[in-house]
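In what comes next, subunit A is part of two complexes: it sits with subunit B in the first one and with subunit C in the second one.
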Partner chain A sequence: MTRPDLSPSAPARPAAGNPLLEVDDLHVEFRTRSGVVHAVNGVSYSLSEGETLAILGESGSGKSVSAQAIMGILDTPPAVIAGGGIWFEGRDLLQQTPDEQRRVRGPGISMIFQDALSSLNPVYSVGYQIGEMFRAHRGTSKKEARQRAVELMDRVRIPAAASRVDDYPHQFSGGMRQRVMIAMAIALDPKVLIADEPTTALDVTVQAQVMDLLKDLQRDTGMGLVLITHDLGVVNEVADNVAVMYAGEIVERGTVDDVFTDPAHPYTDGLMSSVPQVEAKGGRLQPIAGQPPNLAAIPSGCPFHPRCPRRRLGAAAAPGRECATDVPPLRLVVPGREAACHYSEEVLGV
Partner chain B sequence: MGRYVARRLLLTIPVLLGASFLIFAMVYALPGDPIRALGGDRPLSPAVVAELRERFHLDEPLWAQYWEYLKGLFQGDLGTDFRGRPVLDTIERTLPVTIRLTIVAVVFEAVIGLIAGVLAGIRRNSFFDNLVLVSTTLIVSIPILVLAFVAQLLFGLKLGWFPIAGTREGWYSYLLPGLVLASGSLAYVARLTRTSVAENLRADYVRTARAKGLSNRTVIVRHTLRNSLIPVVTFIGADIGTLLGGAIVTESVFNLPGIGREVFDSVRAQEGAVVVGIVTLMVFFFIFFNLVVDVLYAVLDPRIRYD
Partner chain C sequence: MSDHSVPARGVAAGDERAAHRGAAGSTSRSRGTDRTTPSEPTTGATAASAAPRPGKPVAGETLLEIRDLQKYFPLTQGIVFKRTIGHVRAVDGVNLTMRRGETVGLVGESGCGKSTVSKLLVALEKPTSGSILYKGRDVARMSGRALKDYRREVQIIFQDPYASLNPRMTVGDIVAEGWAVHSDVAPKKGRLQRTQELLDRVGLNPDYVNRYPHQFSGGQRQRIGIARALALRPEVIVCDEPVSALDVSVQAQVVNLLEDLQDEFGLSYLFIAHDLSVVRHISDRVAVMYLGSIVEEGTDEQVYTSPSHPYTQALLSSVPLHEPVLRGQKDRILLQGDVPSPANPPSGCRFRTRCWKAQDVCAEQAPALVDRGQGHPSACHFAEAREVVPVDAE
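Presenting the complex of A and B:
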């Protein structure tokens, strides 16, 4: 595996504020028999204490893969971390031994998944699975672990926790199961919680309850929250900052208010127009033309250019800013806003 | 659960009755005269033949014969063969041999099959995995008759490691026939385990277990094997029921006086009472172990409930 030459003894990386988690130029590839799939291509972001960062993107944009790379739970092979660094509390996780990485999962960084039913083991009670966190990381006795599981189930507002602790995952409703997942993930007071589409499999009303719960827990513990989603509504309600991903890259980043009111990248702009609006009832939705790119054959230049309504090709383009040949870097467009488009200023209208 | 088991056990009664009648009818339908065959080269006198035909109701219609059999059965009498030996004695003599053979076979099947399957499943596409795939394919494609003779020749005669036939050396005599008898199921258990482990390793809850920071050992043993072994354990359970039905080929080649060989001999001699008694017992074992498997399923997998 090739990794950038980062010495493990290097001091904490210089960064604004004091980030808990910093992802630096992360590259993940899937090396399959039919070719190399470039799932994550140079993603960088940082997360501070108490911050909620939403990572927004379509299926296959690399948002879940980058999260799994942070957790160290990618299936390797076929997945390979081809470059970059993942800095947690000043240390590069990618330079650590598998055992050191393992000890970070749970008390340091923890994760909840989309489908709680398949993500919980069907043959163990929920109490056992929550308690396992204490037993594995702190050597807690079986009896005490069960007691702690009851407390956690109370904390995530599962009714009658004491009598339900020995029930199995299939005996819970979808929302309650996701609460069990959350209880498990926050058991050891992690500094960072990664929530991978936590509400996608739930009803709308339950979605709101689960998001409220996550926000409350974050307020109590000050943990950083990485929220991976394709749901613009969820992002709008709970996130502070948003990073929009396309074809394994971040194409726009900024505060949620800024990005949502005034996108600087044509892709983000397209996403906003494709959302149903209450005011525009009866009007037609505007989908983004075309299909997300095949990650085994990402278009040259700007990966979004084949679908982009603002693309400038050939003579129409400014020198060095031809959309089909020149790769647009993620750059600061206006203070607090980065976008990877040659013509962001036009998109923004500044 | 208790009610479910009771209901299933009650259901075995009509099944056993039906099975015994079918077997009875099939033996009845066999061509030839069992009494005349009894005498061999020296024909029995007509008086003796008539006397035996009378005693065993052989001249009466099928229904009447079966009724006579049932009457005995309800008094705990399984009848006798044509030489007057009680069928119960025959079962008592032959069943322990088959039980011992089954135990040895199941131990081989479970231990070797499981270990091979688990290792192959964890290290998919490794050298060991391919070795398991090739050797199991080889085993299942060779008829057990060939396998039995080859084992006898190689390990019994050439190498002299095991006795070739009979039960004189106690449990040791059962090792070679047990291995031969287990071979097919062993290969199946290895394959089943491999597939199940490989499939479970990709399950979402195994990913969750890794994300929880559990040790590799815990992830494999508690979150992969526990789930993977459910279909394997149930297969082995059902296989016990089949193996207890006796193995005609294995018992014959290794000269083990078990119920498989006994029933084969009895069919040839048209010993109706013996065949019906033993085969009904086999049916009972089969039903019983399938019930055990169903109960085991509910114990191993909390999602399954019968009430």
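Presenting the complex of A and C:
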């Protein structure tokens, strides 16, 4: 690896191989006429072979924008990658020409989206669209590409694949369309699969089928999976590690077991107690007060401080740890866990 | 607000509400979790317990009774001469009762007919057959004065707060619009003040009456929809996926607001949602729908801890759990295939094509929704209670 520097607070990497993908201090801005929207503000994470990393956050937290930056599908302009690096297998994608990027990303990193219907082209058969991967990147013939498409549809468990390969997207149900998307995404055996809210539009029984499929595929191929979601349950059931995003920053990071059992950031803590659980009726919900921030006017200091029940302002704060003025860095709180809060130790109770 | 017709309620409820009056607002600081913040001041109702929340009205007399409700939408062919070639059986034999002060949850996946039930209830659609009895009277036969009263007393909150508010009307006009028809509810003079009281009650700044919907966030818009429903002093509110479009942290604010309003005004809710966790949290009784009919019904406890219909079991087993310690502890029931088309549902039991218990009898005989020895009704010939969701360790 030729990566220049590892920040001193880098978490203990999982033992499952070297990092495949590293995002380093990524900044993405949208420069609009009404001002600059800071969608991603210094996000860093890495993904190893076979690892499932969940990016958890609400709408507008920057979780999808950071993934789009990796895939190179941001609309530029208005979006601008204002800083940072995206390292894939030792090369910084952002330093390469668009053509080089395409050759790396095509077979190396792929992505699936929330809304499968609008992500598929309605005027081409699904077989043609899946086969396009082989035609474009491997130069296979139309006939062979179609044959490979049938195999892939079989692999993602679409029943009667051979007879459905010439059907069009509208002839499939929501769950089956998402499988078609997955088939396209895994066609060239990518090292990294980014799944942006893959099951949000699906019913819960279908969600279970699709998550099962993704886990099985990952087990077979050893690919790294970046799972972008707002669903705490999905994170708990499928991910190894989790990064919680708020206002374009990662506010907490660690293994799912640690973070979900004992959150170290007040935002994570608030999320956990605001969601009802199916396993118990529970008492009154504890919502996080207020609204998520406007990314064109992110609060000073800690971006969460206006909503935080533990904020310390003025004289109540420790020197250099005033929540409204001092920006809390993402720092190691206990081994294996990082959080961007001045008072994480108190949140954890250590 | 004081002139609102409010049924008798306990003093404790009043205190509890006072404590939460600000909590609905967006500037609230009232917090406290039983998770990691023992030093935080906790409000009375935060202790995690399955007991009914204080101030919750006790379910009273039967308010709504749905009997054998059916709604078929015709499928037509041809452009000039339309021929009916079949029917989509969106709702096919639904029975449900709702008592005063009660929250009935209706869960099911997309396409199961739950939204059609909500439209039938607020008389936006006419049933094909069957009846909806409101205080003993058939809604389909109401007309004139009675229908007008019914439409005032049964209100609805929609899922999409972006599509259900007219972008050209101010918030004040949206909330007050119902009074143009039901002018006896609010005298003309005090309407502005009354609108502001309503906005305040749902946690919005009363000074916002002249703003437009686009100036609000999703959660705030949903509050406007709630204020609009409250304006006519309804007895029943049909909530059709009221929190599905909201972010998780905002969802809880709206759920709490709905609970507070129920306590304050003695409202009855039909709470329609696909999120099983939210339904369990808010409902007293839960009905599970599949392909146009109800397959299981009972208290939240009965349905969630001892589901006896295979579909309910499969549904519950698909819900991802939030506790790392519970991971992998539940039964995994993965259903095969997709929901059949409601235009051509399977014979006998609707669920038999995806059911692992299906036998010959299931194709021949549609199972009735009756108690089969589990203490609550289940529409399965082979109903058998099974614990699917592990009990929370906490």
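Simple rule for what comes next: the second predicted complex is superposed on the first by the 329 of 350 C-alpha atoms of A that agree within 3 Å, B and C clash if a C-alpha of one lies under 4 Å from a C-alpha of the other, contacts with A are read in each partner's own complex, and residues count from 1 in each chain.
Quick note on the criterion: contacts are C-beta pairs under 8 Å (C-beta built on N, C-alpha and C of every residue); 3 or more make two chains touch, one makes a residue touch a chain.
Predicted model, so just to flag it, every value in this text is computed and none were measured.
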*asked:* Using the superposition on subunit A, tell me whether subunit B and subunit C clash or fit.
replied: fit
*Using C-alpha centres in the superposed arrangement, which angle lies between subunit B and subunit C as seen from subunit A, in steps of 10 degrees?*
80
*Touching A:54, do we find subunit B (first), subunit C (second), both, or neither?*
neither
*Give the label of whichever partner, subunit B or subunit C, reaches more residues of subunit A.*
C
_Let me test your reading of the model: by the given contact rule, A:70 touches which partner, first (subunit B), second (subunit C), both or neither?_
neither
*asked:* Touch test for A:132: subunit B only (first), subunit C only (second), both, or neither?
replied: first
*Could you tell me if A:180 is touching subunit B, subunit C, both of them or neither one (first, second, both, neither)?*
neither
*asked:* Just to be sure I read the superposition right, which of the two partners does A:106 touch: subunit B = first, subunit C = second, or both, or neither?
replied: first
*Should A:43 be classified as contacting the first partner (subunit B), the second (subunit C), both, or neither?*
neither
*Of the two partner chains, subunit B (first) and subunit C (second), which one does A:323 touch, if any: first, second, both, or neither?*
neither
*Touching A:145 in the superposition: subunit B (first), subunit C (second), both, neither?*
neither
*So after superposition, what is the minimum Cα distance from subunit B to subunit C, given in Å?*
8
*Once the two structures are superposed, pull the subunit A residues common to the subunit B and subunit C interfaces.*
none
*asked:* Can you tell me which positions in subunit A touch subunit B when the two form their complex?
replied: 71-73, 75, 102-107, 110-111, 113, 115, 118-125, 132-133, 136-137, 168, 170, 181, 184
*Mind pulling up the subunit B residues that touch subunit A in the complex?*
202-205, 207-215, 218, 222-223, 226-227, 230, 300-303
_subunit A-touching residues of subunit C, taken from the complex the two chains share_ = 23, 26-37, 40, 43, 45-50, 53, 109-110, 217, 219-220, 247-253, 255-256, 259, 274, 276-278, 280-281, 300-301, 304, 314-327, 332, 334-335, 337-338, 389-392, 394
*Any idea which subunit A residues touch subunit C in the complex?*
58-59, 159, 173-176, 203-209, 211-212, 230-234, 236-237, 256-257, 260-263, 269-292, 309-310, 347-349
